[in-house]
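Here subunit A shows up in two complexes: once beside subunit B, once beside subunit C.
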Partner chain A sequence: MTSAAGSVPGALGHDGGRRSLKHRLADRGVDRVLLLVVPGTLFLILLFVYPFLYGLQLSFAPEGGGGPLANYQTFFSDPYLRDTIGTTLSLGVPAALLNVLVSVPIAYRMRGRFRGKRTLTTLLVVPIALGTVLTAEGLIEYLGPSGWLNKFLRDFNLVDQPVLLVHNYWGVFFSLVITGFPFAFLLVLSYLSGIDPNLERAASVMGAGWAQRFRRITFPLLVPGLAITFCLSFVLAFSVFPSANLVGDPSGSTRVISIAAYHAAFEQFDYSMGSTISMIMGAVMLAIIALVLGWRSTLFRGPAGGKG
Partner chain B sequence: MAAAMNAPATIAEPTRKRRFRPSSIGGWVVWGLVLFFFLNLAALISTVVLDSFATTWFGSWVPDGFTTHWYGDAWAEFNLFDVLTVTAQVAIAVVVISALIGVPAAYALARRNFPGKPLVTLLFLLPILIPPITYGIPLATVLYKVHLAGSIFGVIVANLVPTVPFVVLVMIPFVEQIDSKIDAAARMCGAGTTTIFFRILGPLLIPGILAAAILVLVRTVGMFELTFLTSGPTSSTLVVVLYDAVFGAGIRAPQEVDAMAVVYTGSMLLLLVIALRFVNPTQLVTRVGER
Partner chain C sequence: MRDRSFSELRLDRIGRNFGEQAALSELSLTIRGGEFIALLGPSGCGKSTALNCLAGLLPLSSGSIWLDDRRIDGLPPEQRGFGMVFQNYALFPHMTVRDNVAFGLKMRKTPGPELRRRVDEAMALVRLEDQAEKLPAQLSGGQQQRVAIARAVVYEPPLVLMDEPLSNLDAQLRLAMRTEIRRLHQTLGLTTIYVTHDQEEALSMADRLVVLREGVVQQVGTPDDVYAHPVNRYVAGFMGYRNMLEFDLESATAETAVLASKDVRLSGMTFGPIEAKRAVAAIRPEDIVVNGPGPNRLQVTAEVVEYHGREILVLARLPAGEALYIRTEERCVAGDSIVVAVPPERVLIYPADAPAAPTETIV
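After this line comes the complex of A and B, so read on.
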């Protein structure tokens, strides 16, 4: 608007009184610059919105016949499919909660400037570079029955039997923490650095101690940011697919919903069922996010320098 | 690996000097947690790296002997040259196309308020917020229907879905930083949108475009789900080949898989270190998280 593209004052419509359509549109921000958004928007409509609608439509057209809701009925009546929702939630929610809650004290300690902060943030990015497979391989070899951890525990007589930490729930959980924690931490750190330090200084002048300042000033301002961080961590953890296969127990205790969807679509070639499960996965995820964001909207989000 | 283990301790030093008065126990607990995390991470990485050089390793603290032949074996068995070529082709194509589509869109979104803008913004936000596996299955179904999936072209198209909005979101703040009076002045001097784009904004936006391009490169090389769902035998990128080597049928020496994983992580790390020269991760995550 401020650049006033093509709208020279005085260049009104031909009869002077009524301004041309082009001019009136330009006043509302519609001019040729907007053409620049068109390729991106078309691209996403074609490759994001259309596949989604296609999948939605497909999910109501079961390959095995029956009513339009047959696939959904199958999903919710077959415990092997239905339970994947619970399995996924029992992995995703604790992992996301742990990542967010552990990040808070660490980020609180590190919110100021200090030497080596950049080195530490660089180090935290390392797990993102590891990729699923190296993390999985590492977990299997490090936490496995003959790995370093079990060797250490047994040599010091802390345990008699090797602790089983891979190819079950815990393997996937650790993999989610390794990949999710740095991400949650960086987000929390950036939200914390967005809170005006003067607020805390003022509280300190008024005699508030460390715990009081955190509980009454910083934490309430941080909570909206934490809600967002939880949502993003949860979405990451909820869609776990490769690690559930590699370090988990993909046919049993870590059969998450994405495995069920992949299995239906690309191993049984029932695209309709695969789409159905994808839609249910999306719906469950959105429901949790809506819940968290709905709660967040009841919180204070004033101009106190909080970025949340 | 030694660096990874030492670094938190050295970082703790100045902070301890700076603020250790309030609650020293809490402070120790916090730094202990960070140290514990990095210690386990370092052990995890060391295991894989050591194993990739090991002749045999079972049950002892360190391998029985060291060799480098697993790297050669992995290179030959998995046709790594072809795989790396495909990976590079996909990554470069995705970077170039997403920049060409994303940067102009970011400019328009940063500079104009128009009816329906929230809807367009939402459209650019959703592919980033929704995890790839969720929309990947319907997308792959559509791509199979039009016979694109399985070819390198299908992989590129699928990878563009999250990267185009990503470029837009990263570029919007960069465009907003440039004073809009500069475009206005250029227009007064008679420059059209194209000229403004290539002669005025382009040079000013170079740092932002570089940052976005490198992040897209990292994302594309690391993108497992979409590539996995849409690639065929000749169009798999490194990360998918790696996954198949672990999960697929057949018996392979674990050292060979580890060697390949080390190659993958090494290249990702190199890309990330370059990326961090251009962007501060804290700022970046804020941007992505906020919108």
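After this line comes the complex of A and C, so read on.
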């Protein structure tokens, strides 16, 4: 298009047939509005790109000497470090999956308009605003060994020993679900409302009952959105740190990878090792996301409006 | 093949309220098998509400629906077995054209070979055999519309409901699809209920028209009935009686009436006696004859002249300023003073206190 326009000298402007630079730039979508991108880009470079690259090169410069890969070798040969990947995955993947799966029926039920929808949505979303520390306090208060749940269970002679639900795997898991669910729910709800309600109505007229409509129409159109929701929920859960300390067992069953990074950098003051662990953490997240998005690319991802 | 014949579908005083608002009230209609019925009216008249109630997508607030001796208004849509074409087509975007068409048959657990045969037949019927493996988004608007129709008729439903199916198409395609839908209706022996706001569409396709206004039926009749004998001012306005001239009623009998003002006298036909003091004369632009003979002569001044090929459309003014649209083959230019006449049998006179059609408010 630009070459065709350029081959018509004199068509535009008075300057001897050559179109002004401004016009040619505008053809490529470059104009002054683009300046609005500058602060954001600068912000990103200063606060993300630079620290990331700095950390990356730091991870290849081990403080204890050895080759550039010495830190990585240490990480993968020491089970105390290596196993944090598995520990974090075993928390993050189920928590993210549960958040996404639980969101689907609730969001499905709440698609349409009904009385009290706003109140219900607010209630479901409030945990986002609570913050991890408050959630952790709440969990200890309710589920701790002398918390309300155990008091209730023992008063009614349902258990002899208190059920241990905090300061172990489950405490962190609950915390991840409580803080992660609202996020997943909001995303799923918005993906669901992007699906034309006429599609389900058409299916019902053609003889599809509730379950068939969900299985054949809504769910297939929702899956790409669920994949994205899973990725974002997973990233949130994978970088868990405060709750792993507060309601977990930070030196044992919930020694997640971020604790290992913190330990290396701020307790042993080995910034190089801390960077290495952070880089590995990022690589694992990216690998999982790449896996999910790769699978997603095999699905139908067109617009879910009725006109196709 | 499933027996899809029924002798009549009866709507018995069906109504639907949204909160305090009655979107549809007391619609009673008996539809014979094989009929093509058009529900006609402007947006908000309740025609789509009626269709959705029939499909089962909206529950009734009152009344009942009977398919022969079976009461069906309590059934969910999936158990009524009707076919429906949506205004925006509502094709499943993630399924191929073939899978879209096959959907209804799959829900009916039609065995494989028969399913394939019937899907092929339906695709041939709407001439989309070569598009079978495409996704809906890869088709043009007209093709998508044909998929939507094939999808609704493939399982041979007793009743096909169409909700303004042509309103998203361009003018030329709309004309072609009109014929297409009418052809399918006849070849397949369907019973069709067709919702539209386009009176031309309704008149050209339907066996019977139901004209609605604010949820209330105004007139039910054959296209000829409704076109020639609109029962009230509203229906007349909708049927192309673009000129509505309001004057004092001078005299009236059961069949004729005379309207008069300072400089105009108009005689015309009525449907029953008129009590009101004021009345309107409804006249089609094409029934006005420039320089014509007869009693209803009017002196007008041409104000705007539109070229329409063989004919021209003139917006003229009566001496007192009332607008008069004239469609004529005579040539004239803006500013001309002309004399026109209308045969009294082409002037319909209604009481003025009746509600007007929305198209009338343009004047």
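We take it that the second predicted complex is superposed on the first by the 289 of 308 C-alpha atoms of A that agree within 3 Å, B and C clash if a C-alpha of one lies under 4 Å from a C-alpha of the other, contacts with A are read in each partner's own complex, and residues count from 1 in each chain.
Criterion: a contact is a pair of C-beta atoms (placed from the backbone, for glycine too) under 8 Å apart; a residue touches a chain by one contact, two chains touch by 3 or more.
Predicted model, so just to flag it, every value in this text is computed and none were measured.
Undergrad: Report clash or fit for the pair subunit B and subunit C bound to subunit A in the combined superposed model.
TA: They fit: once the shared chain is superposed, the two partners occupy separate space.
Undergrad: Considering only touches as defined above, state whether A:Val125 meets subunit B (first), subunit C (second), both or neither.
TA: A:Val125 sits against subunit B, while subunit C stays out of touch.
Undergrad: Could you tell me if A:Asn198 is touching subunit B, subunit C, both of them or neither one (first, second, both, neither)?
TA: The second partner, subunit C, only.
Undergrad: So if I put the vertex at the Cα centre of subunit A, how wide is the angle out to the Cα centres of subunit B and subunit C? Nearest 10 degrees is fine.
TA: An angle of 90 degrees, rounded.
Undergrad: Just subunit B (first), just subunit C (second), both, or neither: which does A:Leu221 touch?
TA: Touch partner of A:Leu221: subunit C, not subunit B.
Undergrad: Kindly classify A:Met206 by the partners it touches after superposition: subunit B alone (first), subunit C alone (second), both, or neither?
TA: Only subunit C is touched by A:Met206; subunit B is not.
Undergrad: Thinking of the overlay built on chain A, is A:Phe241 touched by subunit B (first), by subunit C (second), by both, or by neither?
TA: So A:Phe241 only meets subunit B here.
Undergrad: A:Phe156 in the overlay: touching subunit B, subunit C, both, or neither? Say first, second, both or neither.
TA: In the superposed model, A:Phe156 contacts neither subunit B nor subunit C.
Undergrad: After superposing on the shared chain, does subunit C or subunit B touch more subunit A residues?
TA: With both complexes superposed on chain A, more residues of subunit A are touched by B.
Undergrad: Give, as a whole number of angstrom, the minimum Cα separation of subunit B and subunit C in the superposed three-chain arrangement.
TA: 9
Undergrad: Which subunit A residues lie in the overlap of the subunit B contact set and the subunit C contact set?
TA: Common to the two interfaces on subunit A: residues 307.
Undergrad: Tell me, which parts of subunit A touch subunit B in their complex?
TA: Subunit A reaches subunit B through residues 1-6, 28-37, 39-41, 43-45, 47-52, 54-55, 58, 102, 105-106, 109-110, 112, 114-139, 141-142, 146-149, 151, 178, 181, 183, 186-187, 189-191, 193-194, 210, 225, 228-229, 232, 235-236, 238-239, 241-242, 245-246, 258, 261-262, 265-266, 271, 274-275, 277-278, 281-282, 285, 307.
Undergrad: Residues of subunit B touching subunit A in their complex?
TA: The contact residues of subunit B facing subunit A are 4, 7-8, 10-11, 14-15, 18-19, 22-23, 26-27, 29-31, 33-34, 37-38, 40-41, 43-45, 47-48, 51, 58-59, 61, 101-102, 104-105, 107-109, 111-115, 117, 120, 123-124, 126-127, 129-135, 137-142, 157-158, 160-161, 164-165, 168, 180-181, 183-184, 187, 193, 222, 224-225, 228-229, 239, 242-243, 246-247, 254, 257-258, 261-262, 264-265, 268-269, 271-273, 276, 280-283, 285-286, 289-290.
Undergrad: Would you tell me which residues of subunit C are touching subunit A in their complex?
TA: So the residues of subunit C in touch with subunit A come to 55-57, 76-78, 80-84, 86, 88-94, 103-104, 107-108, 135-137, 139, 144, 151-152, 155, 161, 168.
Undergrad: Name, in rising order, each residue of subunit A that touches subunit C in their complex.
TA: Interface residues on the subunit A side: 196, 198-199, 201-209, 212, 216-217, 220-221, 300, 302-308.
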